[in-house]
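The next part holds the structures, each set out as structure tokens.
Next come two complexes built around subunit A: one with subunit B, the other with subunit C.
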Partner chain A sequence: MVEHIKIVGTRSSPTVECNPETLVLHLAGDSYPENTFDFYKPITAWLEAVLDQDEDARVVTLNVELAYLNTGSIKSMMDMLDRLDEAHEDGRAVKVIWLCDSENERIIELAEELLEDVSLPYQIITD
Partner chain B sequence: MGEHNRTDTRIDALLARLNGLVGADADALRTEIEWLIGRYRRLDRNLNKISRMSDRLQAEIMQLNDKLRDASITDPLTGLMNRRGAHDALQIETKAAQASQSPGFFLILIDIDFFKVVNDTHGHDVGDEVLVNFSARLTSAMRETDLIARWGGEEFLILLRETNLADAMSLLEGFHENLRSRPVKTAIGPLTVTASSGLCQYHPRDDGYDGTVYRADQALYVAKESGRDQWLLAEDPPQD
Partner chain C sequence: MNHDDMKALRAIFERCHIVISFNGPFSQTVIEELGEAIQRHLESQTQPRKRIADVFSVYIETTQNIRHYAETVGKDEADIARLNAGTVLIAREGEQYVVVSGNLVRREDIPALTSRLDAVIALDEAGLKAAYKDRLRTPLEDGASGAGLGFLQMARRASKPLSYSVSEGDEAYSFFNLTATI
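Moving on, here comes the complex of A and B:
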């Protein structure tokens, strides 16, 4: 059984929930933790573990509500998107939903740029 | 870019060699290597993308830094430079004066007379209006090269560069005269406002600009004590 991860957000690190019941990985807030790779390591490992369960037919959802990402967070996001895209090409049901504040042009642009190369289904929602 | 082309050439050569191989092992090997090549190309693309995004972020941070720097030396009410900004400017000007052995800059400390009465009688909003209008009047009276700062409360500091005593005195006299004869516009109607000031030239015997400010402040004090609505020239620093 894959673990249930819950991380309470701070000023510089996002609120995280990796739910093995719903297979939803939710990230919200600002992401510029001091050690980005250490911060994202358990999260990417969780995603890896979920995607490794080949027999699971349910949709794996990456649900992003990040308003700011530092360079390390962008790298981690790219790695997760690449991994999800690979799983999608292998026939797994995956999707990405990125919720952006319509006033935050920077994050909308970033979401579009990050998702332009993937073939998996995704939605950028602005509100 | 050279590195990229060299790698591409080697990938092409590798793929050509793989295509020459036959058999089940060759097919498996081809699949595996093609996957790795795809992976390499994706990572290369990601690296370029991250660099672009990172550059953009850095540019934004630099712009924000500039804005913060501007905000940290600006008085929000009057838009003039604040005391911190004035200190920075005075330091630069003092160093320049020390290095060039030139006569040095002039400095004015000017304080609005009976400002507390304006605040107490008409309220702080009117007081703020007086400060804003007084600042605008100072700005239009001084030259482009002069630096005007809100030194604190109702006190302002003016740094006059590349001038002489006669011009500095006439500039200051003109300002006092103009202020006295043209009331300041406020929401409750025109208010006649006067000010007192001390004029001082940097002197090598001043202990840095602190000494110059001190002497200007002394002159301002005397101008206040001896009736206000006037300016006074500061005394030279004492002989060693």
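Moving on, here comes the complex of A and C:
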């Protein structure tokens, strides 16, 4: 069984929930932690473990509500999207939902820029 | 420090329209607190949200760059402490803001640093985007603390090319100064 990860957000690190019941990975808040790659390591490992369960037909969802990402976080996000995209090409059911504040132009641009290069199904929702 | 020094310092702050500045060792807490102050200040000046986001982004990249550099190349505690101390300031320049950072860099690292920056400065908007996307897809080296995207991100957020200067420090270190206009 893949673990259930819950991380309480701080000013510089996002609130994270990786739920093995629903297969939803949820990220919310601002992301510029001190050691960004160390922060994302267990999260990408969780995603990897979930995608490795080939017999599971359920949809793996990446649900993003981040308002700001430093470049280390952007790199980590790109790596997760690429991994999901790879799984999608292998026939796995995956999707990405990125919820943006409609007044936060830069985050909408970033979501579009990261998602324009992947072929998996995604939605950018602005409110 | 005497009264004349204080007066001289204040005169520099006023002449350069410096709104927020910090000099000393960077820590994650300092970076967060100062970042918060920068955002609040720009909000109080009713700056557009996009500009606030861009100034904040450039500020985060430049200060986290300094911390990563100190941690990656610092040989011992004293060396790390010298490399991790720096100056960062936000100043008003006409209708725009500048984010200026200054820190010590080991002399032997200067050529690689300036050639990387020169390559970024030479790019136009489309070139910056292409280089950024290329870098995004480059696998990280083992033990990397940064994505190698910081200067590209700063250049993409800046309204004119980044500028830098290197001045003589002592035998071991040079003083490096980077400016981004937003």
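Just so it is clear, the second predicted complex is superposed on the first by the 127 of 127 C-alpha atoms of A that agree within 3 Å, B and C clash if a C-alpha of one lies under 4 Å from a C-alpha of the other, contacts with A are read in each partner's own complex, and residues count from 1 in each chain.
In this section, contacts are C-beta pairs under 8 Å (C-beta built on N, C-alpha and C of every residue); 3 or more make two chains touch, one makes a residue touch a chain.
Fair warning: this is a prediction, and the values are worked out from it, not measured in the lab.
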{"item": "Partners on subunit A (subunit B, subunit C) - clash or fit", "value": "clash"}
{"item": "Which superposed partner A:Asp54 touches (first subunit B, second subunit C, both, neither)", "value": "neither"}
{"item": "First, second, both or neither for A:Glu105, with subunit B first and subunit C second", "value": "second"}
{"item": "Partner chain in contact with A:Glu89 - subunit B first, subunit C second, else both or neither", "value": "neither"}
{"item": "Contacts of A:Glu3 with subunit B and subunit C, given as first, second, both or neither", "value": "neither"}
{"item": "Partner chain(s) touched by A:Glu34 [first = subunit B, second = subunit C, both, neither]", "value": "second"}
{"item": "Partner chain in contact with A:Ser12 - subunit B first, subunit C second, else both or neither", "value": "second"}
{"item": "Superposed model, subunit A: greater residue contact from subunit B or subunit C", "value": "C"}
{"item": "Colliding region between subunit C and subunit B, picked from 81-89, 99-107 or 135-143 after the shared-chain fit", "value": "81-89"}
{"item": "Common interface positions of subunit A, toward subunit B and toward subunit C", "value": "70-71, 74-75, 78, 82, 106, 113-114, 117"}
{"item": "Touching residues on subunit A, where the partner in the complex is subunit B", "value": "70-71, 74-75, 78, 82, 106, 110, 113-114, 117"}
{"item": "Of subunit B, residues touching subunit A in the complex", "value": "42, 45-46, 49-50, 53-54, 57, 60"}
{"item": "Footprint of subunit C on subunit A - complex, ascending", "value": "11-12, 32-35, 37, 68, 70-72, 74-75, 78, 82, 103-106, 113-114, 117"}
{"item": "Parts of subunit C lying in touch with subunit A, wherever the complex brings them together", "value": "28, 31-32, 36, 49-50, 53-54, 56-57, 60-61, 64, 67, 133, 136-137, 140, 144-147, 149-150, 152-153"}
